[in-house]
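Each of the next two complexes has chain A plus one more chain, namely chain B in the first and chain C in the second.
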Partner chain A sequence: MPKTEIRVGGLGGQGVILCGHIIGKAAAIYDNKHATLIQSFGPEARGSACSAQVSLADEPIGYPYVKRPDVLIVMSPDAYSQFAPTLKPGGILLYESELVSLDEKLPEGVTAYGIPATRLAEELGRRLVLNIVMVGFFVGTTALVSAEAAERAVVHSVPKGTEQLNQRAFRKGLEFGLNLTGQGNGGPRHDA
Partner chain B sequence: MVEKKEVFVQGNIACAEGALYAGCSFFAGYPITPSTEVAEHMSEELPKRGGAFIQMEDEIASSIAIQGAAWAGKKVMTVTSGPGLSLMMEHVGLAAFTETPCVFVDVQRGGPSTGLPTLPGQADMMQVKWGSHGDYEPIALAPNSPQECFDLMIKAFNLAEIYRVPVFFMMDEVVGHMTERVQIPPAEEIQVVERRWSSKPPGQYRPYEVGEDLVPDMVKAGDGYRIHITGLTHDERGYPAMNPTAHDRLVRRIHEKIRRHADALVDIREDGIEGAEVAVVSFGITSRVAAAAVELARQRGLKVGHLRLIITWPFPGRRIAEVARHVKGIVVPELNMGQVVLEVERAVAGRVPVHSVPHAGGTVHEPEVILEKILEAAR
Partner chain C sequence: MTLEGYPRDLTCKDGTTLTVRPVEARDKDALLAFYRELPEEDRLFLRDDVTSQLWADRFMASIDYETVIPLLAVTADQEIVANGTLYRTLHGWTRHVAEVRLAVARPYQRRGLGTAMLRELVRVATSHGVEKIVASVVDNQVGAIRAFEKRGFHREAVLKGHVKDIRGHKRDLVIMANDVSHIWEAMAAMVADYSPTLGG
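On to the complex of A and B.
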């Protein structure tokens, strides 16, 4: 796998860093690849702009920052406006479809997949797990880490007692992603 | 046997874990971004293992509390960033003069002054070399990944014990907050150096008596020894001896104990130096960007070698001078306005051009900027 760069953007409190952390951990610990996570946050915590940068590769990673992500995951309109223009042409945008609306900021040739992650999380019983829904969605749409590795990373990264809820959130996002890209049980996308 | 452990953690946590594996049992500090996670982790873990964590009123107090604990027999450390390091400087000299083993972790941020609390710099390099008044030889190491934060922290503690000097662990914001896989070997495979305890009984023991390696053995408070430890110039008994002869002997010895072991203190990771036209000398986070630049230059057919300094102080001048005999130029990128490059220039002594690639900090270099200097050096 050539070096693949991912940026996760959203608001403090949405679990943006944990989302990036789980993707990195899945690759580095359970898929035996290399992963580097860089986190940046504003001076305030909850409610401020927040983003995680994850690089994945077969070889050790040198330059640590993500500048032109291959994959952008956004959970807030601000994160979308700030980072959508940095997407690599031909890259993938994964967005929270009830919080973010797409516009002309999207570079050419980008494939965009939306998911109502907050609503799905609420249906599972806790809005908080929207970031884990996004992790599942990321795996379902990109397959950059294996579903098995990602699920293990989820279970080993969330607070004790919440493993099952988070596992359901992960699977919900995964299934939604697989269906959207035509790999799931929901039938191929071009048939829809 | 404990199984090898693999974790996905940030450099600050890996650093704290390294300290724990090295046997650190006393921590005093005052929290400061971007180093706070080190203190946080120590505050959680030390009490569980019978150690002590103290959040002091400031960095000045922290830097002296660890020295008290060292003389009580503990392996000790503190952590800070630039502004806190400035406050600790007076007691760095005390540690050097009283030969107190201790580890100072500096997670460097942009400076001077309050600077850039959440962004990286490498501009404290000369401060740790020269920052306290008077003459002494500190040791400094520069990790470039969470894995090295773990591995080299153990080395930092070991060197503090072997040479009885303050050891500086020169991280930066990127390395501190970067999360990567860290492999923790089984505890029995980790080489930990214990304190050089004296075997002499009370009455015969003299705190600053040395053998061939010029490093004195220690005792600890509570073991029945009556000893005197002072920041004044002292004799072998540890008592003040304020005359030029005693001063010359002591100051010379605390330099010689490092200089005589300079070869043992060389730790450079070299890549492609044999036959290289240009050498890049780097350390810490910049070494990762430099490696990317070296790769770009090689793709253009240039023969470029890379020397990554793990131990920056004492400076490995002899090796740099050797390399200078075989290359056209040396490129030194660092996140400061040109600090370690001064030592490179001193070692190279005009044999070949030395190209500084300064950067004020706040982020890392663009690999292309370093590449440009490499191309210039190759011309």
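On to the complex of A and C.
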């Protein structure tokens, strides 16, 4: 794969860094790719905003900073406002659809997929796993890392005792993403 | 409806392999038979009359794998040898709490099965986001108290003379509790995304 740049943005407490960490780990440890992760907190945006920059490539990565992401994952309106304009033409926006509304800041030619990740996480019993729902959604919509690699990275990154819940959160996001892009069981069907 | 992670195999201390899986509609008669086989002294302190058809009908109808999550241990011949169930509510002030009830068939007791079933139930509870698990045990149920203690439960409260056994004798009820909220604290710390050194 050519170098792919990903930016994850949201608020403190949404697990933005862990989300980026798991994507990088899935690619690097379980999919044999190269990955870098840079995390930024606070001053970069207002309030407790934070973001993670992840780069994935087949070759070693020389420049780890993400200026113009191919994929942008946003979990808060601020992160959307700040980073949406930086998306590459032809890029993909993944957003928390009950927290973020799209507007003219979204560059033309960008594909946007929304997911009510907070609500799905709450349905699973814990709002805390919203970021893992997002990881699943990222995998389901972009297939940039394999589902197996990502699920393993999830299970190996979360605290002991929370593995199963996080696994369910991952699968929920994955399924939602697959359905939205027409690859899932419940997705758009062609009449026989 | 399915329960993630099941069926799974479980090996007893003596090497017997059992399968742990959720209760399904087809298990009703076998479950009733399992409870009717339990000696009276084991049934003495169970909350419901688990040998009645009415109980079995109601129990089976209540299973939704969300608020009533029952697990079985079965032999290779599908004989039920243990049943452990988690009860939760999804609303109200104890929505973070689950209650567990457990019974092991006599020939299979004292082989670590009760403890093993509890491990499964605790795992299922945490995978549903539960923060605290409780069990009600009568003060002289040594085996039960021991099994719960081995799985991280402690005696949290005693209700004096709270239960009457089927012979009419009053006994103390011990509420055993396992606070698993620390694992949620670990999870919360991981997603806090706060770094004082970086100005967050």
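Simple rule for what comes next: the second predicted complex is superposed on the first by the 183 of 192 C-alpha atoms of A that agree within 3 Å, B and C clash if a C-alpha of one lies under 4 Å from a C-alpha of the other, contacts with A are read in each partner's own complex, and residues count from 1 in each chain.
We adopt the following convention: contacts are C-beta pairs under 8 Å (C-beta built on N, C-alpha and C of every residue); 3 or more make two chains touch, one makes a residue touch a chain.
Note that this is a predicted model, so its numbers are computed, not measured.
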Contacts of A:Leu56 with chain B and chain C, given as first, second, both or neither: neither
Touching partner for A:Leu124 - first (chain B), second (chain C), both, neither: second
Touching partner for A:Gln167 - first (chain B), second (chain C), both, neither: second
First (chain B), second (chain C), both or neither touched by A:Leu144: neither
Touched partner set for A:Gly13, first chain B, second chain C, both or neither: second
Partner contacting more residues of chain A (chain B vs chain C): C
Which superposed partner A:Pro64 touches (first chain B, second chain C, both, neither): first
Common interface residues of chain A - those touching chain B in one complex and chain C in the other: 39-41, 43
Complex contacts: residues of chain C adjacent to chain A: 4-5, 123-124, 126-130, 180, 183-184, 186-188, 190-195, 198-200
Residues of chain B touching chain A in the complex: 6-8, 10, 118, 174, 177-181, 285, 288-289, 291-292, 295, 363-364, 367
Chain C contact footprint on chain A (complex, rising order): 10-18, 39-43, 48, 50, 124-126, 128-129, 131, 158-165, 167-168
For the chain A and chain B complex, residues of the former touching the latter: 21, 24-25, 28-29, 34-41, 43, 61-65
